[in-house]
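Both of the next two complexes hold chain A, though its partner changes from chain B to chain C.
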Partner chain A sequence: MVLKAGYLPGIDDDAVEWQTLTYDRDGHAIEVSVPLLSNEQMQDLSERIKEASRQHLKSMTVSDITATIDAAIARLLDRNDTYRQQAEEYLPLITGYDAEMIRLGLTGYLKTFRQSELRRFIAEDFGNPKILDEFQPLPKGGYGKAYGPDLLAHIWAGNVPGIPLWSLISGLLVKAGNIGKVPSAEPLMASWFARIIAETDPMLGQCLAVVWWKGGDVDREQALLNQADLVVAYGNNDTLHQIRDRTPITTRCLTYSHKVSFGMVSKAALDTGKAWDVAHQVAYDIVRYDQQGCYSPHVFFVEQGGAVTPQEFAQYIANELDCFEEKFPRRTLTIEEASGVAAWRQSEEMKSFSEENASVMGDAGGAWSVAYSEAEEDLAPSGLNRTAKVIAVKQLDDVPARIAPYRAFLQTVGIAAAPEELHRLAEMLGAVGVTRISALEHMTAPEAGWHHDGRFNLLDLVTMTEVERSAETAAEAFSDYVD
Partner chain B sequence: MTEAQIIKTLLNFIVADGATNDDFNALALQIFAYQFENNIPYQRFCRQRERTPRTVRSWRNIPAVPINGYKDLMLSCCDPESADRVFMTSGTTKDGIRGKCYHPTLSVYDTSMITAFRQRFMQEHPKLRMGILFPTEQTMPNSSLAHYLTLALNEFGADGSRYLLTDDGLDREALFSELDRAVQTGEPYALLGASFSFVHVMDDMERLGKAVSLPKGSRILDTGGFKGQSRELELDAFYDLLEARFGVPRDHCINMYGMTELSTEFYDWGNTTCPSVKSGPHWIRSQIVNPLTGDELPKGDKGVLVHCDLAHFNCVSSILTEDAGIEVDDGFLLLGRAEGAEAKGCSMAVDEFLKAAQG
Partner chain C sequence: MKFDGKIVLVTGSSRGIGAAIAKAFAGEGATIIVNYVQNANAAEEVVSACKTAGGDAMAIQADVTSGEQIKALVDQTLMDFAKIDVVVNNAFKPYTFDPDNRKQFWDLEWQDYQDQLDGALFSTYTMCQAVLPALKKRTQGSIINMASDLVARPTIPYHDYTTAKSALIGFSRNLAMELGPLGIRVNCVAPGLVYPTDASRKTKERVKEMIIAQTPMRRIASPEDITGPVMFLASDWSRFMTGQTLYVDGGLVMK
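Take a look at the complex of A and B:
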């Protein structure tokens, strides 16, 4: 079975070099052909996309665009649709994630792109969404209009299914032409989405493309960076550093680096009636996509003094992870991933020999592990792939100071606490650089319109053209009706 | 058994030929019992794994300590104060803590080294004129490799053998004069040292346009990989370069695989093809395991190496390495370090975090 990734409007498939990526998990081999453009083809494609964006996309209204996206998303939500069926069949084979987890995850994720949610998304960033369609009066006086770039280049990373849709849809909403580079780890979802858009509105289909090159192919990357008006890139700091260095100085480059997220559980949530539910929620956040997301938790700070102790709570989490392993088994790990988990688990075990009350719980097969500590430990990532650390604290108010040194890596905090605690902690966490606070069980499913890493996903993409009041006033002097 | 009995038994075992699987197993279990009894942290480690001398019947089931365990646990049966020598792991690890291996006597280490080195490196030569590309034992008293190379030089170096590194770095004049002398006299020559030292030397030679063709029978021993101390080379490129610069064919370029946490080394029979097949002498055995479960993998599957080295009697004999390997006929392929992978998504992995947090 050979699947095709990429989407190249206006370029004949036969004119392009295709390479084959092979995914072999648990004996199910699957091949995906991916297009590798020459530098000339990349330039040609870039010019084509820019032209289509100027000619067509810029004249569409935001409502038209959201309607098209909504129709495309509806197909991906429809389990009778062939694209949806392909996603359910092949994404588990490509990424190794449990099929049911992907199915549920996709539905939850795609729902955040329905028309009503897209409107919310726009309203988050633009008080008056019409500013994307035509000049609108500005509160300070004069008029303004927001323009998206003619060519927005996306360099995506990772294997969490569907993640590229965030920035791709953001680009479309601000009327940007888009070329996205898919990662080898999951090249299909963005490609399918682009094709559905083209099938839904062929003209809009001319305004986006999906390409591929092997990570680290500097030449190919440069060809796209040279053409782009704006770059959005995802990856580790080394990768991002290189991309930013090679982006022409007059081109803006927005980077999203890897992050560490964590959870906090108040003693208010640790009564015997509620603690099991909270532990279940915690385990769900750990299990979802095996902690591969920037919003995935590594550590849980758990407050002492509740009816259920932090140590007992760690056992509850272990129990819930064990149950989840039945329902959504963890994907098979590569030897490198297994070594990462083993190294983390062993190092936690070693600590448990010298540290009072420290312990490590885990199943024999290594499918999950929970470490427990009462020491004043710093924030540190877990071994990933369903490994988490529970750190007991006297009071949650002490946590923000402990995580403050890691401002550059912080993102989501999942909290189970009473309302007044929640608001007090939010104030403190925001001050040290946390950008998103959610309920437990929701850490890996940001709501529609969230501000990724605290940034304005849409506003960051546009430039404003302002007509100042002086121009208006001066124009009056030249009107026909001037006295 | 007492320490003295263990040492005596081991010395006999190492020099004797024809040890059977059962002999190895019996001695491994005795040494395990000795370590279990005399090293409380290891005993605790074994109990946590629910394995004790009562329940373990095969060397394969002796609990293997992760090599990082040396940084957190005091793994010594003798009083560390009384140890004759301490070898320390390199200080380049991420947290800067160095693991310590205590040796109450070096007699076992030395006998192990000498016996295997004679078989695997010297082969038909009783002695060879040697050049060492590594600091002396005096300069690095806690380096097991420095001791190893000193032993090689003292035991097997013909007259004129010498160190080619000084405190200021490579003694280029001495090296070139040794190489030229070997070419002129036709006397086989042996060059031994850290892999990264060879890279520096070869870079230097390239700059100066220097290349020699050492006499037939000459050989090279490199060890330790590049470890960020020189540019990283593919193994094939490295051995091609050695052959080109020194005229030593790849089948006479031997790579030694050892570590501070062992008292026995592995060798290949040359590096005509890479990765080469590594094997050790009869007092060390290896397994390829799944790093998470510790379960032995079927032959041909990639996993990490566990070594059971009887000669490392005072610390722990069985260690779980971070080296990836595959079992083959007559040994294993060493595939480099199985380092933790970066997350497949946008989450941060431990290594990346440490790197970023340290700026």
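Take a look at the complex of A and C:
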């Protein structure tokens, strides 16, 4: 079985070099062929996309675009649709994630792109969404219109299914032509989405493309960077540094780097009735996509003084992780991943020898681990792949000062606390650089229109053209009705 | 191994719980009769999995709602293996556990009940009649009938299905009384919601979460969770137990 990734409008498949990626997890081998464009083909594709974007996309209304995206997403939500069925069948084999987790995850994720949610998304960033369609009066005087770039280049990373859809859809909403580079870890979902868009609206299908090259192929990357009007890139700091350095100085480059997210549990949530429920939510955030997201938690700060102690709470989490292993088994780890887990466990076990009450729960060869500590530990990434640390604290109010040094890495905090605590903590967490606070169990599912890393997803993509008041006033003098 | 040399007949074992039971017995050295009605390929996959697991297996097609086909199934088994040690009555009339689209009582007709009674009770009755001469001859044997914890706690009122399973438990107790003096034991295993199986695939997350929240073990059963108690009741470890129903649902039902 060979699947085809990529989407290249206007380029004949036969004219392109194809490479084969092989995925072999648990004995189910699957092959995906991916297109490798020459520099000339990349340039040709870029010009084609830019032209289509200028000719077609820029003249569509935002309502037209959201309707098309909505129709495409509806197909991916429809379990009888062939694309959806392919996604359910092949994404588990490509990524190794449990099939049920992917099925449920896709539905939960994709429904945030329905039309009503897309409208909310746009309204978040543009008080008046019509500003993307035509010049609109501005509060300060004059008129303004927002323009998306003719060519937005996306360089995606990671293996969480569907993540590229965020920036791809953002690009379409601001009427940008798009070329996205898929990672080898999951090249299919963006490709399918692009094809569905093309089937839904062939003209819009001319305004986006999905390409591939092997990570680190500087030549091909440069070919796209040279053509782009705007670049959005994901990955680790080293990768992003290189991409930014090679982006022409006149081209803006937006980067999303790796983050560390964590949870906080107040003693108010630790009575004998609610503690289990909260532990269930915590475990779900840890299990979902095996902590591969920027919003996935690594550490939980748990307050002392509740009926259930932080140590008991850690044990509840351990049992919940064990139960989730039955429901959503962890994917088979690569050697690097497994050694990452082992190294983390080893270092946590070392600490437990010298520290009273510290412990590591879970078998060394098992599918999850929970470390527990009462020491004044700082925020540190876990070993990933269902490893988490519970740190007992006297009061949650002490936590923000402890995490302040890690400002550049902070993103989501999942909180279980009473309303007044929530708002007090939010003030303190925002001040040290946290950009998103969610309920536990929702950490890995940001709401529609969220501000990724605190940025304006759509607003960051556009430039404003303003007609100042002076131009309007001056024009009056030249009218034929002037007295 | 615990079941070396034992002949175990599992009805409806090409998929779901039945397939898990077949493979588990095979892992303990048993020879399994993999009964199926439609999916020959799936049955053959179970057969090869049984062999890989260390046992032996043979697939035999038979619709358990047909008296003639059950008789043929038992005859063929006895012809090939000369005896039967364990019978697991696991097959049932296809039923979709869909809480959102279930029939309410006033939508049900007697035929719905009749179909389920045929699937659960008539098939078990017929199977027991068919194997009994062979079991009696050796004055030993263990019959295990698959019920449901819905009998004790109809979390979702699947009237027709659960009523038939309730009848099956009553049937089993009477049969236990009758066969005890002959050295043959009859017990039931009553699983909670088992996911995933073809029958339970339409059960929504909301319902599963509701059940999990009330289950001490905090999760839903998998097909493999059911195999241990079935093998226990099939083995000599339970040699002084008959007429019992073991609930395998993580503690949702306690009795």
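Just so it is clear, the second predicted complex is superposed on the first by the 480 of 483 C-alpha atoms of A that agree within 3 Å, B and C clash if a C-alpha of one lies under 4 Å from a C-alpha of the other, contacts with A are read in each partner's own complex, and residues count from 1 in each chain.
In this section, a contact is a pair of C-beta atoms (placed from the backbone, for glycine too) under 8 Å apart; a residue touches a chain by one contact, two chains touch by 3 or more.
In this text, all values refer to a predicted model and were calculated from it rather than measured experimentally.
Go through the superposed model and pick first if A:N319 touches only chain B, second if only chain C, both, or neither.
second
Could you look at A:N237 and tell me whether it touches chain B, chain C, both or neither (first, second, both, neither)?
The first partner, chain B, only.
Touch check for A:T412: first (chain B), second (chain C), both, or neither?
neither
Going by the contact rule set out at the top, does A:T387 touch chain B (first), chain C (second), both, or neither?
It touches nothing on chain B or chain C.
For A:W276, decide between first (touching chain B), second (touching chain C), both and neither.
So A:W276 only meets chain C here.
Applying the document's definition of touching, compare chain B and chain C: which contacts more of chain A?
Counting residues of chain A touched by each partner, the higher count goes to B.
Of the two partner chains, chain B (first) and chain C (second), which one does A:W344 touch, if any: first, second, both, or neither?
Once the two structures are laid over each other on A, A:W344 reaches chain B alone.
Quick check for you: in the superposed arrangement, does A:G293 touch first (chain B), second (chain C), both or neither?
first
Need the overlap of the two footprints on chain A, from chain B and from chain C, as residue ranges.
Common interface on chain A, chain B vs chain C: nothing in common.
Considering the complex alone, what residue numbers of chain B touch chain A?
41, 44-45, 48, 66, 68-69, 71-73, 290-293, 302-304, 320, 322, 324, 338-350, 352-353, 356-357
Mind listing the chain A positions that touch chain B in their complex?
95, 157-160, 163, 185, 234, 236-237, 256-261, 289, 291-294, 296, 298, 333-347, 349-351, 353-354, 364-366, 380-384, 405-406, 408-409
Could you list, by residue number, the parts of chain A that touch chain C in their complex?
100, 104, 276-277, 280, 319-320, 323-324, 326-327
Where on chain C does chain A make contact in their complex?
Touch residues, chain C against chain A: 196, 205, 212-213, 217-220, 222.
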